[in-house]
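One chain, subunit A, appears in both complexes that follow, with subunit B as partner in the first and subunit C in the second.
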Partner chain A sequence: MSEVLHRDEARERAPRSGLHRIRLVRPRVWAWAVAVVLLLAFPFYLDRFWLEAGLFAMAAAIGAIGINLLTGATGQLSMGHAFFLAVGAYGYCVLAADGGDGLTGLGLPTWLAAVLAVLVAGLAGGLFSPISGRLSGAYLGIATLALVFIGQHIMFNAHDLTGGANGRDVPPLSLFGLTFDDREIDVAAVPFGSAEKLWYAGLVLLAACALFARGVLRGRPGRAMNAIRDHRIAAGVLGVPVARHRAAVFVLSSMYAGLAGVLLALVFQRTVPDYFGITLSLDYLAMIVIGGLGSVSGAVAGAAFVSLLPQVLTRYSDTLPLVSAPGTDGIAPGEAARYLYGAAVVLVVLFLPGGLTGAVVRRRARTRSARTHPGEER
Partner chain B sequence: MSTFAEILLNGLSLGSVYALIALGFVVIFRATEVVNFAHASLLLAGGYITAVLHDDIGFWPALVAGIAGAALVGAAVEFVVIRRYRGSDHSVLAIVTIGVDILLTTELTRRIGTDVLTLGDPWGDAVVSVGPISLAQTRIAAFVTAALLITAFLLVFRYTSWGVAMRAAAESAETAALMGVRLGRVSLGAWAVAGGLAAVAALFLTVFPTPGLERATSLAALKAFPAAILGGLDSTTGALVGGLLVGVTESLATGYQSDLTFLGRGLGDLAPYLVMVAVLLIRPAGLFGTKELARV
Partner chain C sequence: MNRTNRANRMNRVNRASRVNGALAARAAAGVLAAALVLAGCSSKAKDDGDKAAAGGMKTGEGISGKTITLGALTDMSGVYATLGKSVTQAQQLYVKQLNAAGGVCGYKVELTIRDHGYDPQKAVSGYTELEPNVLGFVQFIGSPFVAAVKKRIDGQDKDLVLPQAWSATLLGSPYIRVIGSTYDLETINAVDFLMREKGLKKGDRIGHVYFEGDYGENALVGSEHMAKEAGLTVVQQKIKATDNDMTAQVAALKKAGVKAIVLSAGPRQAASLVGVAAASGFNVPIIGNNSAFAPQLLATEAGPALMKNYYVASPSLPIGADTPEAKKLVADYKAAYPKDSLDNGIVAGWTAASAFGEALKKACASKDLTREGVDKALLSIDSFDMGFGTTQDFSDPAAASSRESVILKPDKNVTGGMKVVRQAGASKAAQEYTPAS
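Up next, the complex of A and B:
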């Protein structure tokens, strides 16, 4: 009896599932449209704290996309991402500064300096290619650990370039006559400082980086990269030049990191060596694991989670239980955030393979198959 | 000449401590094929337990407690986290250990704060002089202890049934399981042993001439990674040679720092990594690592 009822229900639902599918497409488009409008409108409504937090998240997202191409899609563990971020940040300072503060500065136009800084980061990645092309997995992870320490050494010692332990000021970016500094321009009666202006630059950069990475992942290179990750020897037999691809992805990933470094430097307005330590590299790995290995959206989701979490906890530290304000006894917001995402890394790998976005994709696939084959699901 | 001898001996002593850490790292890798990035935090845990307890119960019991505590933490990581993973991709497990490391290091550095904790060792800053050469007692103790522990470990690894089981599991886990080797116990044991070795190493990384246990101690412990890699991740001999090599280079770079000022200060901390990169350029599998062979 129940069997018959099932079939009847299925027949009733069959024509409706077509309608559902049409509606299914539209919510996604709507969601995107709403997200874009919100992102464009934020500078008019949010205060500087949240805009800067958002900018950190954008910079982190660009870096995370880069490391996800390398670690997620190609299976090459890198713990040296902080080094390339530093190369981008300091490279920009050296190329763009006018040498007024007694440190080396080439005084190039700032937009050119930003582009060149990204290329320098790529070059640094290329110099590492004898190792990045030949090693894989944990070996590469530990080998790239060396980069972080070499970077720290240079940052503390090459005083003329980096300003030593005190770091150096970051000259504001100017593009087409618009300078991204704190001189306020009124846009629709809202004063636009550096955070508001940079917000839009960050959005454009993030969108461009995400689209480019998506293109790489969906095209021939992406397939080659996944093949190398899944079975290196088989990939080689199929004609994928394994070492060259590994080295190339490493270079691309370091350029993404360099761009993230430039953006971070512009937001911070000062670069200090302590920031670019081993912890930063681990944060980026945490981002892509939590968000989902190997996908662009995963990198963005993870970056947002890991970089916004400490900010949220800081802002609401008085109302949250177990978290106390910085400087007092108890767990500081930064530490609380590290507990949370350290645990998130462990839990995601054990129970949610594919990360946050992987879970969303699976859920969507399940509901879709439930709608098209309602009988089988029961 | 006497300075050179002193630097060399200090380097060997430091290297033997690195070898202890690297050995634990290699043992875990051989038994479970997991690259344990949480190793530095195991070391910090052992050191912290010793540092907290030594005032109340005396140094030696505190050291034993530290070793037991670190072994317990290691075993707990294996039991709670590593064992729960059902996939087959071991590089994912390496990332899990990074998560574990974030958790443990955050907790321990929060507890340590900005303090420098002493471990209450009996040697203090006493120095032994033989002719023109003078060495800190702590350095001699470090070398002797490390040598004894490593010898004991290698003997156990070679002759006891536990060692045989572990080597069998490393050779082929499936065959070993069919022969009645209990893989779970083998890997639990490996993590516990690695934790214990790391706790001993923690003691010798924090005694004279270093000020004591502080946040930066985990950075010192990280130098055992290049040691393990340049020796070859799957080789116990490699861990020993790598450890000594790293220790001696670091000691030389620190000792002759004044002649190398053009390379900047703090070169000693960088030396292990430079040696590793140089070795990897020539031998990607490390000095004693087995070159990966695959049948297609």
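Up next, the complex of A and C:
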């Protein structure tokens, strides 16, 4: 730990003492290393509550990367993200369950079911492509809004598939003989339940999803997507097949949502239709706006912010100022959490255009330009 | 230190970032190894020692020193906010009085309350947060969320949970105990009332307007069962919780020629259904489940119609009942929360808290305040009367704790806005009914 402090000091001193560029790169690498170590060590120290909160954030991050590819990078507004999450979550249940609870279940190996559920979500996105390829912006937003309502209607009523209002149990994932359920395994004397085990699965999935999306965004498809967002006609003139790209990115975004749905279902251990409502779709839009449109890191930062903030506020509601104990006059903890969440969203949008990561990038760019042109104002 | 040396060496190494990355990875591996060793000292690491038994009392989770902590997962900012507030305040009142009277054999009881706002994610994480620190839950609003953590409750937690929901789908677990009659039984009793006292007879059609989801569907099971037993035909009208205007439903039921209507929805739907039916001269008796009424409705335009033609089936006497217990509760509640209205959520919360309190007292008497001890104590309670008309029998986890319902009628001159028209009782059909699951 002392080394970390040392590095941080070095970072602070660097610009003033005019050290070379490399000194500035290194702290970043170190920060990454520390972050990775911390993330890997968390299950050994944190309570199940925090691990679960972290897992919700990871699942949200995967979903947010997906919608950021669509909305942030390609400029296609989607209000139907919750629908595709639901397809992933319920798809996994239907494919993996053995039908022991009287509901439809195909009894596939769970890892295969997880992969297929993501593909099913992609397929659902593909079926929507005649619409998603043609419509743009707000029009697509309204069209996808319908998906959420249709989806919830099905979830409440297709009892054999979804279990109705009370949802259905999620079979635990098994991979290479390791089952991600609540049977405890002791690792270094720490009992590992489902949250601890899933933590690592979540990290791996998130890292893979983030790297893949980064690859897409930095390569030819990413440039084509940005071109479509910035000027559709110009992109068409340049030879970008606009409709095909729109449809393809919609499918990709649906698959990300499907994977997020599978991970969420595994964390919840039960899929409940109430969850996949319109507010969930709006939350995802809030995530990418807060985090920063069009980038992977923005999606991850926004997802962490949006899904952790209410949890933290509710958890510490007792100790927050101005919040009264339930049953007395004043603001109830739950309400206070919402006010603060709303205020945070407004503040970010007002003062950090470009979102949380946008602010970081701008600051970095400013210091860099100051370094290269020492005379310029900072 | 070896690592410091390596870090120093790193400073001198060529500045290509690839080299940097490799070194960082090596350093990370080193730190990770150290972290794994340190994990042994984590507070999460298992310690095998049992909790010392103080004074021969066996204790476990949720008890520290002389305090018993109970959890309450409520909804004070979501769709069930009014119910959640009444239930929670009644339970806080119960706990306050219990502690003032000396607590549970010397132990003080404390409530930890989390407001989930009817959000599945917050509800599940609220449970996860509180579970390790509480003995059980006196309140858990939202049967989908109870179902979501059911596997954990039955599997490893084994803590007593009293949901504020009356769906028969929650029955069967020895740890999740529904208090009072479930919606299917309540609906059977309601239809029985219509047949006995409101002239509904064999061969008639009966309308059933119900919410999609757990509550409405469970109530529908009851009316379908009763229809089969008594030779009625049910005309179904499924609605969503967001449907507030019942004009279409009234028109459809009028056209179908129903002789009575059962309503398994919320207070708003009750006001609309009864009001629209009265306005269009469709004067059939309408009976609702206990959630389909709120005293505030009597101040609306639908008030007179409600007082004329509307009945409510309830698992217990209303808050304004004429028993000493009810009168005392009303007086105490008014003193503690002078600004809040009196409704049946208070009775529900109070009943649940006193059932839990009773179980705690019994568990304490047999010197076992562990979760297992409390579960066992509740199973041994087979005739518990809190002064609200019905006796509760908790000895069979597969059955509802009571098969009785009280039939109420809105009346604005009574405390809580409801008066009793038929005392607690279980119809023959309700007594013979076994929920199919």
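By definition in this document, the second predicted complex is superposed on the first by the 327 of 378 C-alpha atoms of A that agree within 3 Å, B and C clash if a C-alpha of one lies under 4 Å from a C-alpha of the other, contacts with A are read in each partner's own complex, and residues count from 1 in each chain.
By definition in this document, contacts are C-beta pairs under 8 Å (C-beta built on N, C-alpha and C of every residue); 3 or more make two chains touch, one makes a residue touch a chain.
Given the structure is predicted, the values throughout are model-derived calculations rather than measurements.
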Which superposed partner A:56 touches (first subunit B, second subunit C, both, neither): second
Contacts of A:164 with subunit B and subunit C, given as first, second, both or neither: second
Partner chain(s) touched by A:111 [first = subunit B, second = subunit C, both, neither]: neither
First (subunit B), second (subunit C), both or neither touched by A:75: first
Per-residue contact with subunit A, leading partner among subunit C and subunit B: C
Which superposed partner A:316 touches (first subunit B, second subunit C, both, neither): neither
Partner chain in contact with A:156 - subunit B first, subunit C second, else both or neither: both
First, second, both or neither for A:338, with subunit B first and subunit C second: both
Which superposed partner A:237 touches (first subunit B, second subunit C, both, neither): first
First (subunit B), second (subunit C), both or neither touched by A:286: first
Contacts on subunit A seen with subunit B and repeated with subunit C across the two complexes: 156-157, 332, 335, 338
Subunit B-touching residues of subunit A, taken from the complex the two chains share: 75, 77, 130-131, 134-135, 137-139, 141-143, 145-146, 149-150, 153-154, 156-158, 233-234, 237, 278, 282, 285-286, 289, 331-332, 335, 338-339, 341-346, 349-350, 353
Subunit A contact footprint on subunit B (complex, rising order): 35, 37, 81, 84-85, 87, 91-96, 98-103, 106-107, 110, 219, 222, 225-226, 228-229, 233, 263-267, 269-270, 273-274, 276-277, 280-281, 284-286, 294, 296
Footprint of subunit C on subunit A - complex, ascending: 3, 6, 20, 22, 25-26, 29-30, 32-34, 36-37, 40-41, 44-49, 52-53, 56, 156-157, 164-167, 169, 182, 186-191, 195, 268-270, 272-275, 307, 310-311, 314-315, 317, 326-327, 332-335, 338
Residues of subunit C touching subunit A in the complex: 3-4, 7, 15, 17, 20-21, 24-25, 27-28, 31-32, 35-40, 42-46, 74, 76-78, 85, 88-89, 92, 113-118, 120-122, 124-126, 128-129, 132, 143-145, 147-152, 155-156, 167, 169, 212-214, 217, 337
